[in-house]
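Right after this note come the structures.
First chain A sits with chain B, and in the next complex the same chain sits with chain C.
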Partner chain A sequence: MGIKLLLENAHIEGIRYFDAYRKNGGYRSVEKALKMAPDEVVEEVKKSGLRGRGGAGFPTGMKWSFIAKPEGVPRHLVCNADESEPGTFKDRYLMEFLPHLLIEGLIVSSYALGSNVTYIYIRGEYAWIPDILEQAIEEARANGFLGKNILNTGFDCEIYVQRGAGAYICGEETALIESLEGKRGNPRIKPPFPAVKGAWDRPTVVNNVETLAAVVPIINMGGEEYAKIGVGRSTGTKLISACGNINKPGVYEIDMTISVEEFIYSDEWCGGIKNGKRLKACIPGGSSVPILPANLLLKTAKGEQRIMNYESLSDGGFATGTMMGSGGFIVLDEDQCVVKHTYTLARFYRHESCGQCSPCREGTGWMEKLLLRLDQGQGKMSDIDLLWDIQSKIEGNTICPLGDAAAWPVAAAIRHFRDEFEWHITNAAEAQTRNFGLAHYADPLPVPEPAVV
Partner chain B sequence: MADEIKQEPPANFKVTIDNVTLEVPPGTTILQAARSIGGDVTPPAMCFYTPLKGSGGKCRTCLVEVSKGSEKDPRPMPKLVASCRTTVMDGMEVKSITSERVINARNSVVEFLLINHPLDCPVCDQAGECHLQDLSYEHGKAGTRYEFKRRNFKKHNLGKYIQLHMTRCILCYRCVFTADQLTNKRQHGVLDRGDHAEIATYIEKSLDNEFIGNVIDVCPVGALTDKTFRFKNRVWFTKPVDAHRDCPTCCGKVTLWERGNEVLRVTARKDQWGEILPTEDGKTGWICNECRFEKKDIKDWVIEGPMKVARHSVIGTNHYEVLDRPKETISEVMGGRAPKLLMDIHSISEVNDPSVDLSKIPGPATGAVFNGKKMIGEQKD
Partner chain C sequence: MIQFSQEQLDKVNRIIARYPQGKQKSALLPVLHLAQDVFGWLSTETMDYVATLLNIEPIEVYEVATFYTMYNLKPVGKYVFEVCQTGPCMIQGSDDIIAYIGEKLDIKPGETTADGLFTLKTAECLGACGYAPMMQMGKFYKEHLTKEKVDAIIAECRSQALVNQ
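Right after this comes the complex of A and B.
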């Protein structure tokens, strides 16, 4: 059993409520942090090496130190609970079962950043969770952890829950800020970055739910202790929401030292592929990261075992690697069709593109139409190259990362599964009746001959 | 822009765009700096509009490569940046047309913009002064790779003066910013998202603010058109003249688009980038609906003279910029001697033979046709 920091107490009955949470060591970090100076808290987080859990993996301590501190201008912390990435549901678990962990993390982080008004921006589809959070906020306030003069330290903090209206794009930090301000959720053009001009033109930090929850164990155990967990620059624990064709889907907390193979096949985690089928492909970090075939997923191109952490998953770049992303671990067995799967993702991104900048607005729609045609067996050979061309022209040319997120899955699918795409064209009629199957995607990687010295 | 630069104190930033170095005041965007150089170096801009705060960054046609960030931080920027929203730094080096990446990105953006745009310029009222038309002429391909149905919308009347045809819209948001910044209350906006987003009013409302006509001027394509001018004339047949009147609501400085003595259309005065020029007091010369739609009589206006038409699109070709007579070269070619006999080619050539009906010959006309011999088709028999 690995180390658990976030979900340690998740099994305790009534942990959702203040009394049980407090009895099990809750709000210790608030008591500890409020005795420190705000900069010391930031320093602890820096030492911990905590990286943003929302997808990009940017060091949180560094992000916090970028916040501008002009005189007389209030600062804000915004918790990004707009978890809309297909395959990712870790924040939902945290907020639903351990709301006080998030509130505790928010109080500590607000103190570190000097935010007296903190917001939780939650996606509209999580319709029942704002009630849970608001109840937790009320309980925390009743016990003196929120409101004016928290624990007699003179620090005031209010937390408000704001619901989104159901847009994936509002998970992008500047679009989230726009939406929070009550505007249309279009991403802003950076610079200026939110750390300088965010919500209502005030310095703002936007962090993922899991990132803010992870601040609690960091303060409790100290940044240096926290950094000892994990390997290299992947410190601490990470929540993985495993789904797809596995025996035990769910949210797991891993300490980033286990291998991908172990994670999929061990009974402690996913418990292997459902119905005794074989692994074909996997998207290890939520829908927008590149898909990998089984052989490249379990071993890197160098033949090393792939580990569930930021560095190992991205080993080999996009050519043979992928990304940790937000931890939405989607497993595909041998019966899944990669073309159909890619079409489904393209449809999602087309629907969720905000339509602000032209490459993403037009390109996602074009890719969806081409993929639908390929999936229905009416494609042409040239469509594959055209898709490749379109994705390469979207990537990097858009305002926000949604363009990249739409381009990467298509690029990776064509890069690794080109045979399957071609089969859908050459054997169009057959492709409508059966799947391409596992083919060679799980074959061992060719080992390069050692160079003669 | 150029005038402003001269007025600034000397702490200017040195910026190099396509190997042309110039000094601009801090806060200038790359696009503005490139425009002061002019020519091919200037990136096209479909959504950026200088008088509108917050516009730009959306269409991605103005992407440029920053090969050197600044003197202090010489690292190049990893991604192409939108030149309209990126301010220059001291010592910055920018590549516009000298970078293959930029050219590729620009071409692809044009392709993206055109996949859902109807290619029916001959029946579009904006043809001739359409920025997308110019852009596709310069960067577009002859054929399209898009094989699906294009996006299609019904035409909407936004009040009695403005017609909206969303099919042509490229979602530049300029009209939204105009309504935000010129009127007290915006009545239209972008509904929906992605490639099904549309500019619309909520439940078929009409736009009735007295400055709302300016959305027609800022629209880079033919999505918002003037109902008092629609299909009255092609823009290149009209004659633009600057004129003014005493208007209680606006600056009253306009361009009249005339045919003969008839005023067909009234617009604000625009510069070579299609942007509305500032008036003497430095404010943008937006005009009111009354000037734009109601004053279509030449007696309402004091004519100042012909508008300076820059070589933008086709409007200029008929007009003043090319007014210079072509140089008489015969005497130069002949070493200073005057020709003894100068004949009009039409009077001696049989090409003008009215007895030959060119529409009836099977192929292209040849000498044989005019020499009274058999036509090409007949020779085969």
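Right after this comes the complex of A and C.
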């Protein structure tokens, strides 16, 4: 069994409620942290090496140390529970089953940042979860962990839950802040960064649910101990939500030393490919990260085992690697069509583009149309190059990273599955009746060979 | 006349109190959710009413109501089926589920049945990819959908509607 820091108690009866949670060691981190100075708490998080679990992997302690502290201006912590990246459903699991873990992490983090009013921004579709969180908040307050003068330390903290209303873009931190202010979710141009000018122009830190929950074990065990788990700059544990053609879809906590192969095939995790099929491709970090064919997923271009951590997943850059992203692990078996799957993602990004930047607004729609045409057997060879051209012109030319997130899946699909795209054109009629199949996508790669782009 | 009850107005005031003084506009998304729960959908009249409550311009409400997919700017059926169709659900057969519901209710995505009971919509990833195919129905999710499960859900909605009549 791997090490579990977050989900260890998830299956204890009644853990959703304060009494069981407290009996099992809950809220110790608040008692400990509130005896420390706020900066010492930040220091522990820095030492832990914790990287943001929302997708970008930015070091949390460093982000916290950037928060501006102008005299007399309130600061805010905002928890990003917008979780809308296809393949990602881990924050939902945490909030549904361990709401007090998030609330505990929020109290400690609010103390470290000096946030007396903290918000949880949750996607509107998770409509039943605010009740769970609000009940946990009320219980915490009734037991003196929230409200005025917490544990007689003079620290005041309130936590409010705000629901979004259906917009993936509100997961982007500046769009989230706009939405929190009661506006359309249009991302802001940075700088200024939220740490200086965020919600209501006040210094604001936005962190993912899982990031904030991880603060609890960090404070309990100390940053240094936490950093000993994992490897390199991938410290601690990571939640992975696994879906697609596997035997055991679900949310798993891993320490970042297991191999991708183990994760997919071991009964402890995904339990192998469903119906005895073979693995064709995988998007390991949520829909925005590059898709990899089976051969490049399990081994790097250098022929080494690929490990479930930040460094190993991105080994080879975009030419032969991918990213850890949000941990939304999507597995495709030999019967799946990469063209069609990529089409649904392009449709997703077109649907979710806020429309402020023309490369993203126009480009996502254009890519969707071309991919639909290809999938329906009406594409032309030149469409593939056109798709490549469009995605390359979106990337890097937009206000927020949604543009990149829309471009990368298309780029990676063409980069690694060009044969399948071409077959949809040369064998258009056949492509309507059967899929391209596994083809050569699981064949062992010649080692070592320079990457083909 | 569009009008919240006293209890609902108290709730609006509690929501406004979560935000800094003078930033009552921040309450807009939650108050629109409340209005939609109470009135079924967001008519211009409802949106204007919300603008008055929050002391903001009506255009500020329209801007927001048109941006977010969860706000209904047209009346919808009593039961709204929003079936996710993004990649992870697609590979688990969401297209078949959408087609099956459409056939069974004799409507296309975006339409409402003549008796006003059901609306079918397609949705993009709802954060339930591991429990696919799935749909949202009101406040809750229906997961691991099969044709049999869809039949049962529709039958249950129908009998519930009869009881409530």
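Convention: the second predicted complex is superposed on the first by the 447 of 453 C-alpha atoms of A that agree within 3 Å, B and C clash if a C-alpha of one lies under 4 Å from a C-alpha of the other, contacts with A are read in each partner's own complex, and residues count from 1 in each chain.
Note that a residue touches a chain if its C-beta (ideal position, glycine included) is under 8 Å from a C-beta of that chain, and two chains touch if they have at least 3 such contacts.
What you see is a predicted model; the values in this text were computed from it and never measured.
Undergrad: Identify the partner contact of A:181: answer first if only chain B is touched, second if only chain C is, both if each is, neither if none is.
TA: Second partner only.
Undergrad: Output check: A:189 vs chain B and chain C. Expected answer is one of first, second, both, neither. What do you get?
TA: Only chain B; A:189 stays clear of chain C.
Undergrad: Just to be sure I read the superposition right, which of the two partners does A:363 touch: chain B = first, chain C = second, or both, or neither?
TA: first
Undergrad: Answer with first, second, both or neither: which of chain B and chain C does A:398 touch in the superposed model?
TA: first
Undergrad: Tell me which partner A:351 touches in the superposition: chain B (first), chain C (second), both or neither.
TA: both
Undergrad: Based on the superposed arrangement, let me know which partner A:126 touches: chain B (first), chain C (second), both, or neither?
TA: second
Undergrad: Classify the contacts of A:411 with the two partner chains as first (chain B alone), second (chain C alone), both, or neither.
TA: Neither chain B nor chain C is touched by A:411.
Undergrad: Once the two complexes are aligned on chain A, which partner has more residues of chain A within touching range, chain B or chain C?
TA: C
Undergrad: Thinking of the overlay built on chain A, is A:244 touched by chain B (first), by chain C (second), by both, or by neither?
TA: second
Undergrad: Could you look at A:167 and tell me whether it touches chain B, chain C, both or neither (first, second, both, neither)?
TA: After superposing on A, A:167 lies in contact with both chain B and chain C.
Undergrad: If I apply the document's touch criterion, which positions on chain A are contacted by chain B in one structure and by chain C in the other?
TA: Touching chain B and chain C on chain A: residues 167, 184, 351-352, 354.
Undergrad: Over in the complex, which chain A residues touch chain C? Could you list them?
TA: Against chain C, chain A makes touches at 74, 83-89, 92, 117, 119, 123-128, 158, 160, 162-168, 179-185, 200, 241-245, 249-251, 287, 328, 330, 332, 336, 340-341, 344-345, 347-348, 351-352, 354.
Undergrad: Contact residues on chain A for chain B in the complex?
TA: Touching chain B from chain A are residues 167, 169, 184, 189, 350-359, 361-366, 369, 386, 393, 396-399.
Undergrad: Going by the contact rule at the top, pick out the chain B residues touching chain A in the complex.
TA: 56-61, 63, 79-80, 82, 85, 104-105, 108-109, 111-113, 115-116, 145-146, 148, 170-171, 173, 189-190, 192-197
Undergrad: Under the touch definition given earlier, write down the residues of chain C that touch chain A in their complex.
TA: Counting only chain C, the residues touching chain A are 18-20, 23, 25-30, 32-33, 54, 56, 60, 63-64, 67-71, 85-88, 90-92, 123-132, 136, 138-140.
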